[in-house]
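In what follows, chain A forms one complex with chain B and a second complex with chain C.
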Partner chain A sequence: MKLRWTKTTLLLAPATVLAALLFVYPVFGVLKLSVHDGTAFTTDALRQVYNSQLSIIVLQRTFVTAATVTGICLVMGYPMAYFMAGLSPRKRVLATYLILLPFWISILVRTYTWIILLGREGILNKALAALGLTAEPVQLLYTPMAVHIGMVQILLPIVILTCLTSILDVERDLVKAARSLGASPRQAFWKVVFPLSVSGAATGGIICFILCLGFYVTPTLLGGRTSTLIANLIDLQVHKTLKWDLAAVMASTLLAATFSCLLAYWALTRKRSEFATGGLAR
Partner chain B sequence: MTRAVLTAYFVLVASFLLLPLFFLVPISLTDSQFLEFPPKSLSLRWYREFFVDQSWVDATLASLKIGVGATILSLLFGTLASVALVRADFRAKGLLTAIFIAPLIIPSVVIALALYIVFLRWQLVNNIYALTLVHALIALPYVVMIVSGSLRRYDMTIERAARVLGAGPTRAFLYTTLPYLMPAMFASAILAFFASFDELIITLFISGGLQTLPVRIWNDLSLKLDPTVPAVAVMLTLLSIVGMTVGEIVRRRNERRYQSNSVSEA
Partner chain C sequence: MSSTGATIDFRSVRKTYGKFVALESFSMHVKRGEFMTLLGASGSGKTTALNALAGFTEIDSGEILIDGVPITRLPTEKRDIGMVFQSYSLFPHRNVIRNISFPLEMRGVPRAEARRRSEKALQMVRLDALANRMPHELSGGQKQRVAFARAVVFEPRVLLMDEPLGALDLKLRETLQLEIKDYQRQIGCTVIYVTHDQGEALTLSDRLAVMDKGQVLQIGPPEELYDKPQSRFVAEFVGANNILKVEGAEPGSVMLEGLGRVSGHVAHLIAASFASIRPELIQIRREASGAHRATLAEAVFFGNSVRYVLRAADGKEISAIEPRRPGQDVLPLGTPISFDLNVADLVALKG
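Let's turn to the complex of A and B:
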């Protein structure tokens, strides 16, 4: 049943107007502000940002943090997903629910808990002292480590679930075939399941990486001065130093990075679907 | 052997993920001025504090108003758009879908900055209606993804049957397809509501003096650490767990119903 174009236009109009006014137009404004000072095109802001040591350090830190957190999530998440894939469907639903539960708790709340846990007078320090392991409180909060812990806790469920989907997509018969041809369970895993699910896991990794790039709450609450990320710097430029053009350059950089990651994501998913229909899955 | 190791590993990581819940509840129940774990004596003192403090109540009411408004708008706009995206053929389809979903992927701080700049010009900072529209935009991706996904799986013969039996296009849609979409719409409404209810960064940039609940928590965090925040956090968490669980149950039940239908037909 095909719709006529007048009807299509009417159906799409409200959402399109909303997105155009409050998303597309403003975001283009930011892109323009980064290369245009209101009267003419200029590379002033660009040069200021890319010649400033602070913003380069923060940009680098943002990418390194995102890569590290993504790596940790993948290494922690894949075995979780593998375990869940082996469960009976009923138990798997329950396990998925358990993994998703923290995902539904406000990020603010989840981050806040780490303040209570890792603080100088926090639960962990008290426990360590009570066990006689430390003489005085260890600095745990306001360190890069605290930021990493907080980010992994928030992003891990997403990575686990994408890994789970990609493992479940692997045809069971292929594993059976490998086993009946004499492969040990370990061999069947490393030669069949892992190679066939790794690109699916990678797409989860890309999503995780993109989300990491924009983190604001966690580095603000759990990080010290040495864990400022790009989102915090944008906030600073807007609210403290009032240099919107510099903030716009940083936001545009963030956008460009997000977009490149999305391109990688599309390339990967396209390859995957070709792979699946290329005779291997059937 | 490896299975046992994996099970132990699963329990370990799952507890890491659930850690907040283990500690928040006892801490929120303390009778003391300070955050302490384990609490020396239990009371609901900080829960009472929340309901007595006008600024907390106001922030909650603001969040509820904005959340409900954003949910209704995004549900309406998103469902209409989904029908067109799934059933019509036009060239900009891929682009439009990408634009509707993008607010979910683009870092919030970019959208926050972009909106802050135009809202200052349009004098919309500190405007609850503008904020509601922005939250509707944030919630739109969930509606578009879930409703169009559900619509794509829908068996069109049912609607065609209604048309053959003499119903007009609108009537046929309202009486056959819409009931089928209800659970998906319900599920996406819940996600939309929480997307709005939890939104912090964009609201922080464009809300001016207006405080939503997350903004109120945020302001409290930078000032002092009294146990009102854990109490609020526990209530928020309960609310989202109940909401999401109900949404998930409705979605699953419906999926099963339509699946078993098509199986029995085949």
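Let's turn to the complex of A and C:
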């Protein structure tokens, strides 16, 4: 028993040291920077950020964008996952490959693709003009919409796959049981499959939301001035204005938001595993 | 709870999966309120037959009727069939009482009445105290009782059970067998029960159908299948048995593996390829007075009986069960003995 404990410690040690050096230490550095000016504790930076209209607007926009993108991903992703769950295993593997295909291409390239599609001279505008629907090019690129589209495209596969896993976790016999007990296919879905997979879908949503909060490339390339997100603002403070303390406050805010999401995630998965394995009651 | 059971008819049902034939000219009539068991090895098509009846599988040809009405075009939920699965299939997000009331909810039964009826069903399976438990807080036997209550609470005309006791240990299985039979008598619905356990089939059924390779080989009451198997497969599958090859026949006598020439009432054996005889119908003689000589090859002590394996003159092994009185010794291996049997007890079998 003791030996095993020592072994575990030894095996975990390198990863722990690495995480401490490369993650925990800098994060504490950032946290400290947001409330400490090098000589004493201060709330200057905090007050500056939270009194600045710009940072409040950008923070708000970041959360609203993250929520909207997550919502769109869930609304699109869950039904797609449900469809995939109904496929034969072979077709499902094929569909999974197709969904994962974009992951083999860098985010940068995928984002640039949207410039080709949505630009003034882009394919979409040319098509609209050719069909005679628009007289002159429509502004599609550098709008919040472009940012949303770009983010959804990148995050949708993750949401589909988490939803798929949770739908496949619902035993097929449960649907058969529901049908034999008088449920129509629709009722079987809403009374059995949905309640049993919704928390899994929600965890996918939380992952998506957390990833959204840190998006940088997409708003930079596809967004205009009205779609700057918090990551862009942090970058600005670090590289252009060199106000690292302000950057640190914003980063800490982001960190706090992420941790709240992780708490929610943890609560959800705990509830899920309780259903699945008997959890606490056993 | 009570229901007037329905009649069920399978008429030449055929079901294939690609090239594989899962059901072939499957025909069966089940009477109102009857307890019918489908008995067969794993892969013989039992579940496929139930799925076809419940509407989970579309059949290629043939027809299935409930109370004389064709149902093959009816969706599952309109067929009014209760079903119990081996995996229990309780809804993990609903507590016991809400699991049981699910079918009533689906049928739009008012809440209070649904509650009352669910509680009654729960009382029948004697789990009233567990109404608010979640499924994961129940033991296997309790889960299956809840699943049973849920499958009958809406008083279906037909109840299907697919190896419902397969996941339980022997002791619990025996208790639940008796319970299931008892509940079915109370409710009166028609039951089709699936099992690969021949003992269970003999215990529970009014009639049973032995299946092999998607076909019904023989159908009848347990006594009939036990006493008068028609084929070698049924003779071997239902109960313990001795299968003896018919090696030659002439009017008045037949040559049988293990027994040699047998004469007397053998007319029924003349056209057969095999004959069978149950171990309990063989009488062991401790002296050489019996008609057939053998040596003892094996003895298994069961307390109230002893199962002997006898090696006959031609090397054929024949098993015999001898009831045992207190104090009676188990014969030592290698003892030369003899045995008798009643020629009329030999059952003629097709290949």
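Here is the rule we use: the second predicted complex is superposed on the first by the 260 of 282 C-alpha atoms of A that agree within 3 Å, B and C clash if a C-alpha of one lies under 4 Å from a C-alpha of the other, contacts with A are read in each partner's own complex, and residues count from 1 in each chain.
Note that contacts are C-beta pairs under 8 Å (C-beta built on N, C-alpha and C of every residue); 3 or more make two chains touch, one makes a residue touch a chain.
These numbers were taken from a predicted model, which means no experiment stands behind them.
Contacts of A:174 after superposition on the shared chain: chain C is touched, whereas chain B is not. Of the two partner chains, neither chain B nor chain C is touched by A:269. In the superposition on chain A, contact of A:109 is made with chain B only, not with chain C.
Looking at the shared chain after the overlay, A:143 reaches neither chain B nor chain C. Within the superposed three-chain model, A:24 lies in touch with chain B and out of touch with chain C [touch as defined at top].
In the superposed model, B is the one of chain B and chain C that contacts more residues of chain A. In the superposition on chain A, A:165 makes contact with neither chain B nor chain C.
In the superposition on chain A, A:82 contacts chain B only, with no contact to chain C.
Of all residues in chain A, only 1-3, 5, 7-8, 11-12, 14-16, 18-19, 22-27, 29-30, 33, 76, 79-80, 82-84, 86, 95, 97-102, 104-110, 112-113, 115-117, 123, 126, 153, 156-157, 185, 210, 213-214, 216-217, 221, 231, 234-235, 238, 244, 247-248, 251, 254-255, 258, 262 touch chain B in the complex they form.
Interface residues of chain A facing chain C in the complex, by the touch rule stated above, are 171, 173-174, 176-184, 187, 191-192, 195-196, 274-279, 281-282.
Residues 2-3, 6-7, 9-10, 13-14, 16-21, 23-24, 27, 35, 37, 73, 76-78, 80-81, 83-85, 87-90, 96, 99-100, 102-103, 105-111, 113-118, 133-134, 136-137, 140, 144, 156, 159-160, 194, 198, 200-201, 205, 214, 217-218, 221, 225, 229-230, 233, 236-237, 240-241, 244, 248 of chain B are the ones that touch chain A when the two sit in their complex.
Touching chain A in their complex are the following residues of chain C: 54-56, 75-77, 79, 81-83, 85, 87, 89, 91-93, 102-103, 106-107, 134, 136-137, 150-151, 154, 160.
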